[in-house]
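In what follows, subunit A forms one complex with subunit B and a second complex with subunit C.
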Partner chain A sequence: MSKPVVATTSLAGCFGCHMSLLDIDERILDLVQLVEFNKSPIDDIKTFTKQCDIGIIEGGCCNSENVHVLKDFRKNCKILISLGECAIMGGLPAMRNNRVSVEECLKEAYLNCPSVTANEEQIIPNDPELPMMLNKVYPCHEIVKIDYHIPGCAPRADLIWEALVALVTGKPMNLPYEIIKFDYRGTKWQKK
Partner chain B sequence: MAKKVTIEPVTRVEGHGKVTILLDDNKKVKQSRLHIVEFRGFEKFVQGRPYWEAPVLVQRLCGICPVSHHLAAAKALDVIVGAGTGDGLTPTGEKMRRLMHYGQFFQSHVLHFFHLASPDLLFGIDGNPAIRNVVGLAITDEFKHLAVQAVMMRKYGQEIIKATAGKKIHGTGAVPGGINKHLTAEERDSFINGPDPLNIDKMIDWSLGGLEFFKSYHKNNKAIIDDFAAFPSNHLSLVRKDGALDIYHGVLRAVDSEGKRILDDVDYQDYLNYIDEEVRSWSYMKFPYLKHLGKKDGWYRVGPLARLNTCDFIPTPLAQKEFEEYKAYTNGKINNMSMHQHWARLIEILHSAEEMKRLLNDPDLMSGELVTRGTKQKEGVGLLEAPRGTLFHHYRINDDDQIEMANLIVSTTSNNEPMNQAVEIVAKECMEDQDKITEPMMNAVEVAIRSYDPCLSCATHAIGKMPLEISLIDADGELIDRKSK
Partner chain C sequence: MSDVVTITIDGVEIKAEKGQKILDAATKAGIYIPTLCNFEGVKPKGSCRICSVLVNGRPMTACTTPVSEGMVIENDTEYLNDLRKAIVEIMFVEGNHMCPVCERSGNCELQALAYRYLMMVPRFPYLFPTRDIDASHPKLIKDHDRCILCKRCIRAIQDENGKNFFAFKRRGYKVTINIDPSISEKMTDELAQKAMDVCPVGALIRKEKGYDVPIGKRKYDKVRIGNDIENKAKKEGVV
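Up next is the complex of A and B:
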């Protein structure tokens, strides 16, 4: 049987979830034996070259391009996973939802900012090359169907590893409270 | 701007970084631009939050070097809680933060060089894109040992962060005025002696090995390392008062492309007197410049190359020896070669490992007061050197301890103009007179950007990744070719 194919992307996230995936450390060497990577920011494959089994999404949707990429992932992946709080519920970027408008955010960064003192023309970036910002930051499952959610900011490497291995080997997951709990700071989790 | 925005799929492909290149009638490069296309609005939405949340909130700008934002915010809040600027903390507070920061430098630089940049050197800029990545290293017998070292070195740095910040990504260790924990004897012993995550002497050995690898590559590939995307510029960084390399605290210094000091011994609380930012309509990333030189001439580079141009020496012996060899290569002159950033980065990896060793043997980490308090201030600025360059955090609070104003100038923003310069040089070199854009041409542009930043991550206070779209447009505005990665 050929290896399951995995694709990953970061939408409106901070890349921390991808870093946590790398935090599986030496198990990366096992992972590359277990699965084949397709489109992902950790490699140079930038467009889907084949149908994938698992798509891992970091980040929610804050602009039209995020939405486009997410839909492209849904189309090309059998299983989609929302990895981390931003994908699951918008995360920190969603702090702008319901509190401030896009316009206020842009004005603060480009007009009111104390280190922008010579923007005489009151320029706010608006080039056609820049994608349209959304009114709110949307979690992924409000845009497309998501099959699994892996919580955390960032989700712990052990959690990502256990979930991925269970998914590709078809075995049940061993997920004790300690590895799911948000910001758990206890001693290193030991697999029984 | 209307509040209601329709969600619609765009026909354009993804890309947080996008390059457009305009050609004139003679197929010469008329204009090239690196657009940063994402924006998130951190400055606005942190307003109203209690100030002590800043170190944990704002680090969510970037999961690749969250510690830099965590500490820069904490340093700004040190000022606000009256704990002074840098030297006001208790020995334990300052040293635990420094250990966290060196751990961060170590892991982030290792990721940048070994995981993300070395595949271009090992497989070639025109190497097969299917294996030109860290996974490719791991499955290629010849390079597997490098992949293993990269993974284990990054792990060491991440474990140091966990021991000091509480978590590997988005920790909570630094608090206004200090730190919230000591290092335990058990943690210290495992970092000094191993076996998991190895030990500090091994890290120093492998750091030296990384330098040997780079230097031998350099000897055989002078053209790519010395000539690729090289251009003169100003350079800016923090340095210690006495001119030593210091990534945690110091004063601002800048030199021009000839080495003349154009800024020296500047207290960063006054940064607004010296730095300003230009807004251009085609990118969400701003363009910082030195005020007294103006928008046109005042732009500068930050990061490893800049730091080794501004500092006078490195205060650890092995890194100092490497620094002398590095300086000798340019006869002591300012180094303006973009790809030499990797060399400088490897020297900083070694320096960070040496500093971690020194700190791990310091008893102040294991006991002593954690936090300093003083007279509350309304405003504070926190600066440090993040792996990719000088990072500015500035907060003002109101009477209710809420954040009233936040201003952030992140490292890659300072490198905005330099990256645009690098893109233009590479475009001129490899795309002029071309009808087609090939994958190696695309990657060449990416290699230039990658020498500054692997991912354009926190630059727009958004994360970007590296995907690129390059459009070749002729003088009539007709699209000749468009390729995306």
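Up next is the complex of A and C:
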């Protein structure tokens, strides 16, 4: 039997969840035995080269490119996992959702912010090549169907590891209380 | 007439005093019924519905319903727990609950209930409503994003004459908590701290103070909400 193929991406996230994935330390050697990576920042494959089994999404959707990538993942992966708070509920980028309009947001970033010093022509980037910002930041499951959600900011490496192993081997997953947290990585728990 | 009645919760017979609320009787017997708007020492309100139990097959709020002889109560069932999870999820989507940036995170009862019921993602779409932060009060910040309108602060925080500091303003989905400007000057530091403690979420935050307890040592970081009630009963051998 061929190894399951895993793809990962970071949308409107901070790459913290990917860092957390790397925190599985030496188990990454086991992981490579267990699965094969396709499109992912970890191996720097930019486009899908084959149909994947598991897609791991970090971050929500804040612009048109995020939506495009997410839909591409849905098309190419059998199972999609939302990893971390941003993918699940928008996270910190979603803090603009309820108070700040896109116009205000761009003006603050490119014109009004005290740290803006070089933008003398008062340009807000508008090249057609650039992705358009969405009216708000959307959680991934409001754009496409997401099969599993792993909460945490970022989720603990052990949790990601256990979830991947459970998914690949089909065994039930152990979910201790200390590990399901919305605001940090959870604490180490006593393994049975 | 006897003052003691017998009720059955999930098949366990327990004794309760006449006039006692179902919630208090259950807590005393070491049975956890989740609560959110209820707070020890203030009159129960029954506004959040998280304590809903089936009394003789009909849904009732355990915090406001008095016990009566022979009541058969269902509490820890799949149906009710899913209902409670749904209520928690509704509260998460109808406010702006940004756990990673909230000062109350880890000590928040809403979050603790979400942990207890293993909420991975709400089943409802996020609303992201537009709400204000009001930091005009000298001692308290009101973050309406996080308010779940449980009325705990209204019911629990009063001055020496019994006058409320807090009240609801406006109606319907626009309703917000408000601090009475005429007496708010009189709010002492203790009362401000009490207001923050009474709030189940991070809607009332004290100024110039915060993040006292490090991550990992906060109230619900390692202990599931309700465990204290269940463990206490186990230790005393009630159940």
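Note that the second predicted complex is superposed on the first by the 182 of 192 C-alpha atoms of A that agree within 3 Å, B and C clash if a C-alpha of one lies under 4 Å from a C-alpha of the other, contacts with A are read in each partner's own complex, and residues count from 1 in each chain.
Note that in this section contacts are C-beta pairs under 8 Å (C-beta built on N, C-alpha and C of every residue); 3 or more make two chains touch, one makes a residue touch a chain.
This structure is a prediction, so every number in the text was calculated from the model and none was measured.
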Given the alignment on subunit A, is it a clash or a fit between subunit B and subunit C?
fit
Using the superposed model, determine the angle subunit B, subunit A, subunit C defined by their C-alpha centres, to the nearest 10 degrees.
110
Have a look at where A:103 lands relative to subunit B and subunit C in the superposition and call it first, second, both or neither.
first
Using the touch definition from the top, say if A:178 reaches subunit B (first), subunit C (second), both or neither.
second
Considering only touches as defined above, state whether A:91 meets subunit B (first), subunit C (second), both or neither.
both
In the overlay, answer first, second, both or neither for which of subunit B and subunit C A:82 touches.
second
After lining up the shared chain so the two structures overlap, which partner does A:22 touch, if you call subunit B first and subunit C second: first, second, both or neither?
first
Which touches a greater number of subunit A residues, subunit B or subunit C?
B
If you stack the two complexes on chain A, which partner ends up touching A:37: first (subunit B), second (subunit C), both, or neither?
first
Pick out the closest CA atoms of subunit B and subunit C after fitting on chain A and give their distance in Å.
5
Quick check on my understanding: which residues of subunit A belong to both its subunit B contact set and its subunit C contact set?
91-92, 95, 99, 153, 183
For a test of understanding, state which residues of subunit C touch subunit A in their complex under the given definition.
92, 96, 98-102, 105-106, 111, 114-115, 118, 120-122, 125-126, 128-131, 145, 215-216, 221-222, 224
Partner subunit B, residues of subunit A touching it in the complex
9-10, 12-20, 22-23, 25-26, 28-29, 32, 37, 41-47, 59, 61-65, 67-69, 71-72, 91-93, 95-96, 99-106, 108-110, 113-119, 123-127, 129-135, 138, 143, 153-154, 157, 183, 185
In their complex, what parts of subunit A are in touch with subunit C?
82, 85, 88-92, 94-95, 97-99, 136, 139, 141-142, 146, 148-151, 153, 175, 177-178, 180-184, 187
Note: in the complex, subunit B contacts subunit A through residues 1, 3-5, 7-10, 12-15, 18, 20, 35, 37-41, 43-48, 57, 60-64, 66, 111, 115, 119, 129-130, 132-136, 138-139, 147-148, 151-152, 154-155, 158, 166-170, 172, 197, 271-272, 275-284, 286, 288, 295, 392, 394, 405, 407, 409, 443, 455, 457-458, 461-463, 465-468, 484-485
